[in-house]
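Shared between the two complexes below is chain A, which pairs with chain B and chain C, respectively.
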Partner chain A sequence: MATSAPAPGTRIVDREEIRSKLLSLVASYLEQPVTDIQSDVKLVEYGLDSIFALTLCGDVEDEYGIEVKSTLAWDHPTVDAITDHLYDTLTAEA
Partner chain B sequence: MTVIDPSPRQAERLGPLDELDTPEPLEALFGDPADPGNPVGHQAFVDADERGDFLPAGRKTLESFGIGAEFVPRALGGRLGQADDLARVLRTVFRHDGALALGLGAINLIASSTVWAAGDAGQRRWLASVLLDNHPTAGAITELAHGDDLSRTRLRATEREGGVVLDGRKEVINNVARAHAVTVLARTSEEPGSRSHTLFLVDPAAVPRERMRFLPRYRTSGMRGTHLGGVEFLDCPLPASAAVGGYGDAMETILRCFQVTKSVASGAALGMVDTMLRTVVDFGTQRRLYGRSVTELPYVEAELADVFTDLLICDAMTTTACRALHVLPRQTSVYAAATKYLVPEIEQHAADRLALVLGARSFLREGPHAAFQKHFRDLPVAALAHSGATVCLATIIPQLPRLARRSWFTSSAPEPALFQLGRPLPDLDFGQLEANAGPDDQIVATLLDVGQDRVTDPTLRTLCGRLVDELRILRDGWRALAPRNRTPFAGPVGFELAERYAVVLAASACLGVWWHNQDHPNPFMRDTAWVVSALDRLTVRLGHEPLPQAQSATRQVFAELLSRHAEHRAFDLIGRRLH
Partner chain C sequence: MRENLVERLLQHARTVPDKDAVVFVRMHGAEPMPERVTYAELDRDARAIAEWLRGRCSAGDRALLLYPNGLDFVRAFVGCLYAGVIAIPAPVPDNNGRRGSRTSAIADNAQVRLVLTDSGHLESVTEAVQQSGLEDVPCVATDATDFGDGANGTVLSPDDDTVAFLQYTSGSTSDPKGVIVPHRSLTANLRFIADSFGLDHEDTVSCSWLPLYHDMGLIGMLLTPLLIGGTAVLMAPGDFLRRPHAWLRLFQDHRGTFTAAPNFAYDMCVRRVSQQQLAQLDLSTLQAAVNGAEPVIAATVDRFNKYFAPAGLRPDAVKPSYGMAEATLLVTGTPHGRGQLITRVDGAELEQNRFVAQSEDGDGPLMVSSGPVDRLDVRIVDPATRASQPDGRIGEVWLRGESLAIGYWNNEAETERAFNAGTSDGEQGFLRTGDLGVLSGGELYITGRSKDVIIIHGRNLYPHDIERETSQLHSALHGLQGSACVVPVGQEEEIVVMHELSPVESSGLDLADLARGIREELAATFRVRLPSVVLLRPGHVRRTTSGKVQRALMRELFMTGGLKSVHEELSAEVSRRYRAGDADGATAAPGDAA
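The block that comes next holds the complex of A and B.
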């Protein structure tokens, strides 16, 4: 499968970059300023429940060129939790 | 517990394209529905509908066929292997009676698929034995207060003293008061979100009687024979072993399994429109107006040909969705929902036009055409009973932007086996299905592979060109869509793009089925007329004018309709004799 992301190993993984990327993704879904989104608040509290997880999973896969479980946002329900999970996945790959 | 006797149940099915003059075994048991003396003919089902009950002789017919085995995987002693085979068996039942087909048929798949997907060996064996004995089962998934929003489920399961206690109610559940096995969706954590639910497999005979109460039956406008009931659990104890899969897994299991149930149910329900069309052709060929039969009036001819074409479109789409569960299991989250949206839409529109042709008789609850009004009332109920149109569109909206970005005009065509009706596929493997689709829409890739690169017929090329243009518009539309429109708060624009995608998907399925079945025993299915008509109708749905060149195809389709009607053949991709 073709992907535009850089090959693993060439990337420097930065936890804060992941977090801010995710925050702006969530803000864009909600059409709210990114400053309104808190990384430790559950995404369901923002009204982003089951089906939304599917959107986020696809966007994350495309952004980072990795495969994540479709239930990513169910198992890691806040931006902080997803950040940690992605950080671990990406550093393990790097 | 039943001793599983593999010999008759494992009997080989007739291949879908083999011996098309031989009726399916179940169809043969139903016999000629128009025969007024047939205890399972139309008249008997209309009478049962008037009484608001299942027809006992119909139930016996299904039992003597061993309907329960159809839902049990072959590895567990049943006959469930291929989803499209199951859809065709249920289609036969829908041809005769919707209430029977839903209540003693399709509902078993909704009840059991989660157990095949996530249950342990003991649960699977037990449920297999219930079904192999032809006992009814029920799936208590939705709650009246929350509809399709399953994550809001209230019925609570609490771990207590080494077991589990259920507390709460489910309403509008098929056959729940008669079921010998019930799968129940329960909340197992107060946390909001999608990891707070668990499925339980309940043996109603094994729970304390006073802890499980059945609620009064709901009466319905269509499917009047179905027993829609409710159930209330009052601190009802269950063994810990009743949990199906892990705690918190239910939503994921359901998202995967409902791809199977949606695809199969859509393919099955076509049987009702088959009967409606047959009834109207019966009427039209017999009734004379203005010195000729009604079917000789050009307007009626075109209407009936269009409905037959619609049935072929729906069969191509549902059969492809069913086979994709085997061939492209990572993609079917989108295919199943798009199919469950579009097929009932097409069917309802077809039924409305048939009612106009049948005229006054479409309302009569007695007489030779009375089966029509029953099917006409049953059809919309069947369409809603398992995920309505809007909810299906809402399922695919979040997934389509990614297909637009990553797959359309990029993915390669699927293996031909996806479309080859006679080609056996490996047995259904629930473990392969994914909650959301990967970025590899191979069915739509068929539009480019066949429609752009292989087709030579000029009319067909024109139609395919329109569809390829549409795919381009869709790709740009989805890419430009504001992120909010890909979430549960999507506005109408997302819904419209999703509807248009479903039409392109249906057209791709028609092309794939046509191109890859050039060994079909019926020359009509090898010829271009049906696929030209199908694509013409689908592009009209997208807002195009009908293509004048497609009119001669319509006449060929009509001639085939009349000959199938005269020979009692099914109005589907196969065209097998019915009796």
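The block that comes next holds the complex of A and C.
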């Protein structure tokens, strides 16, 4: 039910928090200020390769306690797209 | 007396039956879950598989092994050894089709009788095999097959000339080359590895994430400990890339003494292992950490040593080494009991193919020795004249010796060319590595690599495959020539793809759009960082009179600004380095609009 309160211990999922976490992760891989990373720009534009993609998977898994497919960043090519995917996954779990 | 791997495995099953032969550490998120197989269990399982294989193939038939890293691969591989069936380890085909075509090219070249995989990949493997026109080749999931009780299965005793396996690491997708490894070469190379790194005792524990279809993963990390009765602790490559720290944890959890990885992995550990994780690590058991399979960078060695010293890393543990599938694996390695040898050389002399040491305060590049020449004959040869070069002169590295592989499967012309070269002064029977190097003070330094292979993070990519993929991306590129290469950018290298463009088909097109599309497609297909793209008029990709693309010349022209391009779409780093002053990376060549 949409109106029910989250169960005790359940993480409250916030789309903007996910987005900002992802932006800071991407910025840290690129060693660039987070203000230089835009959430609607394709990650390949920032130099996404197979290693960058798996690094992101590991960090996302550790942050949210879920398992994600190794194709995450290819299936969802921008920070916005990954945000939506993670939001859906996390709310479906909650 | 030197026993081969099969004889040694039979002995270990008798003398240390309950010892772990292989531990596969499966990661559930951040949680390691080890799965084990003892020497007795491995022997029993492999006998059962061998018995089953005998009912389906003859000794000398080929079986393609398409597995992710794990115990099922190990059982199947040893089963093939026991049956005298020639195993061909290769990557599981992925869903973007590129590996599928590689799989079918290998299956075709080797005329495989059987494909073995696990139940998790049976469906995709069967699909890939059938799509490649090999409907008659059965695909079997070995973890879901009842092989019966193996205790009574017999073991074929191989002789020196029996082929142990084929290693398809070289050659492009369209022209795969399967390196033939007979037991003589395998035994000699495994002994060579164990002796070089001081591993000849049973408490040797390798800890590795390298793929088992890769020569360094298979031979170095799995078969070396199995020969000497140690333990191989393995994990999946993807789990290392997700959490580099998980690899280093293996050493303390399993008292690891031995590992190997390409240079980028050592860099990655320094960048991604946090101070907190570092404080928990104990690397004091690590005796040899081979750095090989891609060029060894002095700064990486230095950073890794400094960063992990507080975790007990011995200063002489990192072992810069040189090897390749055609040599079975090891060519030279920094030996046990000695630290890395790094030499500063004169940059101007280096450009003239001379290796001249410089004082420590000089400004020349630092070169890392791959170790002293030991069991192999090594010659440095001028590739044009085939004349042997004296110490200090750079040339192609040629090799001769018992531990080398013996040729390419079903490819006599390439075998003759690569494995049976002769110098101008009449010495015969050398393996041509295609790599450039120099001997100095008995040490081998690799100074340049084969022009026909691009190595990105330890993965071999072939210019030919990238060019072919590019030409299929748009009608304005169809049927025209491309030339792919890598260029240095700082400590790393980036891919540059130059390609001819049809003026007719491209008229009215937004070339910036087209070039961006090419970059994105190539990045997604090859899983590499966005390559730089240069579009040229037809005929501007230089070829020899016999029609061979002159990739080295094209690379040179790109780097020196000698190309008249129609359009360039470069990465920011490549642009900064090679097109100074052009900040946004895109240029239409002045006065050369289409």
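The rule we apply is simple: the second predicted complex is superposed on the first by the 85 of 94 C-alpha atoms of A that agree within 3 Å, B and C clash if a C-alpha of one lies under 4 Å from a C-alpha of the other, contacts with A are read in each partner's own complex, and residues count from 1 in each chain.
Everything that follows uses one rule, which is that a residue touches a chain if its C-beta (ideal position, glycine included) is under 8 Å from a C-beta of that chain, and two chains touch if they have at least 3 such contacts.
Computed from a predicted structure; not experimentally measured.
Enquirer: Check whether A:54 is in contact with chain B, with chain C, with both or with neither, and answer first, second, both or neither.
Expert: both
Enquirer: Between chain B and chain C, pick out the one touching the greater number of residues of chain A.
Expert: Comparing touch counts on chain A for chain B and chain C gives B.
Enquirer: According to the stated criteria, A:45 is in contact with first (chain B), second (chain C), both, or neither; which is it?
Expert: both
Enquirer: Regarding the shared-chain residue A:75, is it in contact with chain B (first), chain C (second), both, or neither?
Expert: first
Enquirer: On the A-aligned overlay, A:65 touches which partner chain: chain B = first, chain C = second, or both, or neither?
Expert: In the superposition, A:65 touches chain C alone.
Enquirer: Residues of chain A that sit at the chain B interface in one complex and at the chain C interface in the other, please.
Expert: 42, 44-45, 47-55, 57-58, 61-62, 70, 74
Enquirer: List the residues on chain C that touch chain A in their complex, please.
Expert: 28-30, 238, 241-243, 264, 268, 272, 456-457, 519-520, 523-524, 527-530, 571
Enquirer: Where on chain B is chain A touching in the complex?
Expert: Interface residues on chain B, with respect to chain A: 150-151, 192-195, 251-252, 255, 333, 394-395, 398-399, 401-402, 405-406, 410, 434-436, 439-440, 482-484, 486-489.
Enquirer: State the interface residues of chain A toward chain C in the complex, per the touch definition above.
Expert: Residues 42, 44-45, 47-55, 57-58, 61-62, 65, 67, 70, 74.
Enquirer: In the complex, go through chain A and note every residue touching chain B.
Expert: 1-2, 25, 28-31, 42, 44-45, 47-55, 57-59, 61-62, 70-71, 74-75, 77
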